[in-house]
Amino acid sequence: MVNATPSLATKIGKLELNYPTLMGSGCYGSGEEFAPFADLSKIGGVVLKSVTRLPRLGNSTPRLVHTPAGMLNAIGLQNPGIDWYLERELHKYANRPCKIVGSVAGFSVDDYADVCRRLAQRDEIEAIELNVSCPNVASEGETFGCYPDLTARVVEAARATTDKTLIVKLSPNVTDITAVARRAESCGADALAVINTVRGMAIDVDAWRPRLGNVTGGLSGPAIRPIAVLAVYEVAAAVKIPIVGQGGIETVTDALEFFLAGATAISIGTANFTDPRIPQRIVAELEQYLRVRGVGSLAEIVGRANMGISNAHQYEGDEG
Amino acid sequence: MVNATPSLATKIGKLELNYPTLMGSGCYGSGEEFAPFADLSKIGGVVLKSVTRLPRLGNSTPRLVHTPAGMLNAIGLQNPGIDWYLERELHKYANRPCKIVGSVAGFSVDDYADVCRRLAQRDEIEAIELNVSCPNVASEGETFGCYPDLTARVVEAARATTDKTLIVKLSPNVTDITAVARRAESCGADALAVINTVRGMAIDVDAWRPRLGNVTGGLSGPAIRPIAVLAVYEVAAAVKIPIVGQGGIETVTDALEFFLAGATAISIGTANFTDPRIPQRIVAELEQYLRVRGVGSLAEIVGRANMGISNAHQYEGDEG
Amino acid sequence: MALLDLHPRMHVATVLEHSEPANGTHVLSLDAPDLARATRAGQYVMVVPPSGEAAATALAIYDNSGNRASVLFFVTGKRTRELAAVEAGDSLALAGPLGNGFDLSRGARDVAIVAGGVGIASVWICARELLARGARVRLFYGARTAEMLVEAQRFADAGCELILTTDDGSCGERGFVTDALARASMPQEILACGPSPMLRRVGEIARERGVLAQLSLEETFGCGVGGCWGCVVPLVASSAQAPGFPPADAGGSDVVYARICKEGPVFWAHELRW
Amino acid sequence: MALLDLHPRMHVATVLEHSEPANGTHVLSLDAPDLARATRAGQYVMVVPPSGEAAATALAIYDNSGNRASVLFFVTGKRTRELAAVEAGDSLALAGPLGNGFDLSRGARDVAIVAGGVGIASVWICARELLARGARVRLFYGARTAEMLVEAQRFADAGCELILTTDDGSCGERGFVTDALARASMPQEILACGPSPMLRRVGEIARERGVLAQLSLEETFGCGVGGCWGCVVPLVASSAQAPGFPPADAGGSDVVYARICKEGPVFWAHELRW
């Protein structure tokens, strides 16, 4: 037992992964960009950069700012639009040694449904992630993912277009993430990605202006890990569908926090900007961690740290 | 002009500060604890640890966990209750070389009103901060500060009890902090403290349980600075009352980000755990920064980085 | 350093010596006369990280002789790793002395000091002072391996009777230091510092055998000076060390959380309710 | 290092030498034969921070002679401060060579290289190769002060004609390096690397005088390998370097954002729309 190789294989809806590690959307290109530096056959899969119905030039520059233990980004969903994407790009992503997950972003419910349907028809794509965390132009900067009802409409519409695995990516910028999670589940999501970036900004104190061309950006990296671990912990208690945990994962210890909090798989984004060898290292050390503890499979530890929120309170606890 | 000493004096409602630096509630005791290590005459004031109507033992341990560029805390508002506090403690805080701001926490609207009224009657207290970021036991873990209407009721009730400066401390754990800010303003708040800690958790991967006795905690320190700067930036555009900016301030550059985003004063908490000399250093370097730029007073730079959220978008910008 | 003149307990000290008595164990000796002079047995300092990129680290004042203050630490994470990179000639900012140390006022003639691992750093000054007044001092000292029983010889040379234990039996008895204590003849008083499980057991033994024990506790610190209430331990409200809190009959409690950094780090075993 | 065998462009190299040609300017020379061999003029590497606590840092490959690859950098913040602490004997992980370098294929006989500040690190290999094929190479090199005109002598010794400028006039002409360029007789081609304002001006001069110019750009990088679209610059869609994007009449655009790390860092001045 202690010497058997523990199984790291995992399943997200119909998506079967040899390794529980997805590469975060927008951080890993199509995988090809990292192939010279990392072994794609040792990762679970790549979530492609989000694609939209129409072409998007993306935001003005700068698009990135480094912050303490993290990074702000405001790319603006630069992409050639679904038509061009399907005709000229997607075929390049075939025959990868890992799974390919498409990511869909939109500015209306129809956007999501339309792009999701067309993307899902393609064999290169094994599952689809709905990025409901980009501004809903209709309602000025608000994001679908911040409102349970808007999220529900997007998920319902997308669900109707495909049987492939649908992963709904939740925004942390909400009062109660479990409310959004429950609606996504009840509307047919197969899994939830928790969390997308946290909204933030940085200011240039010499120029007296925001550092990002887009003024605001999304915070990622280790700085947001405690926020992400809690989100996974709370969502895991609220839904039955699998969770892809993400937000600042850099080491096996970080990864384990997410699995113990209730994630069935994890996603690694910003850490690839520090060292492209990290995903493979995490897989190797996960195997080692399970082996020395005589745990046969990763599945056995998922959610094991979950003791509810109140159990641990000695007196009405709070965070003051 | 370039050689004149720039003025750092600032005003929060009726509260006049020689320096724009408050020490964060719960981080600096009553000031006395730090007196052997820092010069209290070189800080604007101390915000006292939040006090509640009844005595509170606080949360079980551990109450603190270090995280990347930050810290999680779950103290649980340990305090002897307002009666004991007024009888046996407050008098010790008189004759400080800096201003003393009381902090009130509660679990019902009446709690806030009652404690605020009694605290405000005391001469030791020059202003009161309403910490509306602790769980509302009535509605299971929700916090007043996460709901505009609950916040409004607390502020109205507290406002009715005193003419002293009322600072309402906002929670960042909301979908739209400006909605809460506007209600607080319209209900009579003299100023807003932005932000309190961000909810998070950490897990012990050897013991397979949460690291904090309270399971969840509040994230503070540089990790949350980008989140805090954006909150100040957005709230400054939404209200007319002054803002006390806070969240991860460690250096003069950090402080300037908050002033340029729209804060009239700042609050320093966790940084005191790194080096108690930081607040005094920031004041000295702020003076220097203004002098070399020939800026006569701090007031002249408040909000100067604010260019709205949309201006900078080259195309529908977003944070994808 | 105008800043500092104002603040008698904030120091900027030059590192005179950096030694590594065992792999991963470091001793920094600082030129800090004021700090050394003010230090009492069992007190500690908060060391400001040179990078400024972490919370200050609580370290016991290991020794305070000859105008020097020294600290002894294990590398266990980011902050101690950073301190391990400090070199002689560098300067370190630190606050202290902090906390209430061991109470040696009752003049016990036969004392047992129990140290687990890096807990040894908190008891050298005690041992030295007790020996100086002619007391019998037995040091019960446990560590993982022989190599980690750092500084043992120093205590022996000073006149302590050593009872050593290691987890792997590589030196002294194999097993827990508290087992050795339990088998020994009881002293008039016990002073202990080490991991919580060890301290709890010392407390039990002291109670069973009717001996007074002082325990130096550890917790994750925030401010380290009493300002944040992050470092607490449950204490009987009747303790002289208990912070002000209403009694049970007034809506308060008979057991309250005391700050390890301020009311402690040393507590009477019989007053703890952990 | 099984990990690495699989990945021809991920290297773990030993630092053979660490020199500091000027205060705050460092040169690390690495034992990296494969990297050195594969390097073309104008390419760069992403250096993994030893602490693992920051994003990798993009650094030009300054030199690639004799099985060594070296980088030259200014200490400007957290990451370069960390790299400045690396010592000979340490090993560094780095990815590269990355990006498309300068295009030297047209075999110009008279070339002007314009370098501003640390931009000098990107042009040594160019100069060496151009001189080797017998071209006339003028180096227009500007910096804040004489001391910051690092490595100038090396270019002179190799046969470059030096035109130096400093902001304070402490060496060469006082003022902007681009003013010196504007006054000079035009070369057949210009290669430039430095701060954006300098590069924009070089582009203007090249346009006015009808000379081809290649500019090596800089932006804050994320991945550094084309995966995140964080490092872009507006480019005419008709450029051979432009990423795939629908034309304006198909709902796209005639100007698109190209990735400096992937399509660049070197671009034709006349194709930029910044």
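To keep things simple, chains are lettered A, B, C and D as they appear, and every chain counts its residues starting from 1.
Rule of thumb we're sticking to: a contact is a pair of C-beta atoms (placed from the backbone, for glycine too) under 8 Å apart; a residue touches a chain by one contact, two chains touch by 3 or more.
Everything quoted here is computed from the prediction, not taken from an experiment.
**Student:** Relative to subunit B, which chain has the most distant C-alpha mean position?
**Tutor:** Taking each chain's C-alpha mean as its centre, the farthest from subunit B is D.
**Student:** Report the inter-centroid distance (CA atoms only) between subunit B and subunit D in whole Å.
**Tutor:** 45
**Student:** Just give me the whole-number Å value for how far the CA centre of subunit C lies from that of subunit D.
**Tutor:** Centre-to-centre distance between subunit C and subunit D: 54 Å.
**Student:** Could you grab the centroid distance between subunit A and subunit D? Build each centroid from C-alpha atoms only and quote it in angstrom.
**Tutor:** Distance between chain centres: 34 Å.
**Student:** What residues in subunit C touch two or more of the other chains?
**Tutor:** none
**Student:** Mind pulling the subunit B residues that touch 2 or more other chains?
**Tutor:** Only 26, 57-58, 69, 73, 75 qualify.
**Student:** How is the touch graph of the chains shaped: line, ring, star, complete or other?
**Tutor:** line
**Student:** Please give all chain pairs that are in touch with each other.
**Tutor:** After working through each pair, the chains in contact turn out to be A-B, A-D, B-C.
**Student:** Considering the complex alone, what residue numbers of subunit C touch subunit B?
**Tutor:** Contact set of subunit C toward subunit B: 3, 6-10, 48-49, 52-56, 78, 93, 95, 219-233, 244-246, 250-253, 255-257, 262.
**Student:** Taking the touch rule as given, give the residues of subunit A at its contact with subunit B in the complex, in rising order.
**Tutor:** 26, 50, 56-60, 67-70, 72-77, 105, 107, 131, 133-135, 137, 141, 146-147, 173-175, 197-205, 208-210, 212-219, 221-227, 229-230, 233, 248, 253, 256-257, 260-261, 301, 304-305, 307-320
**Student:** State the interface residues of subunit B toward subunit C in the complex, per the touch definition above.
**Tutor:** On the subunit B side, the touching residues are 26-29, 33-34, 36-39, 49, 54-55, 57-58, 61-66, 69, 71, 73, 75, 78, 80-81, 83-84, 88-89, 250, 270, 272-277, 280-281.
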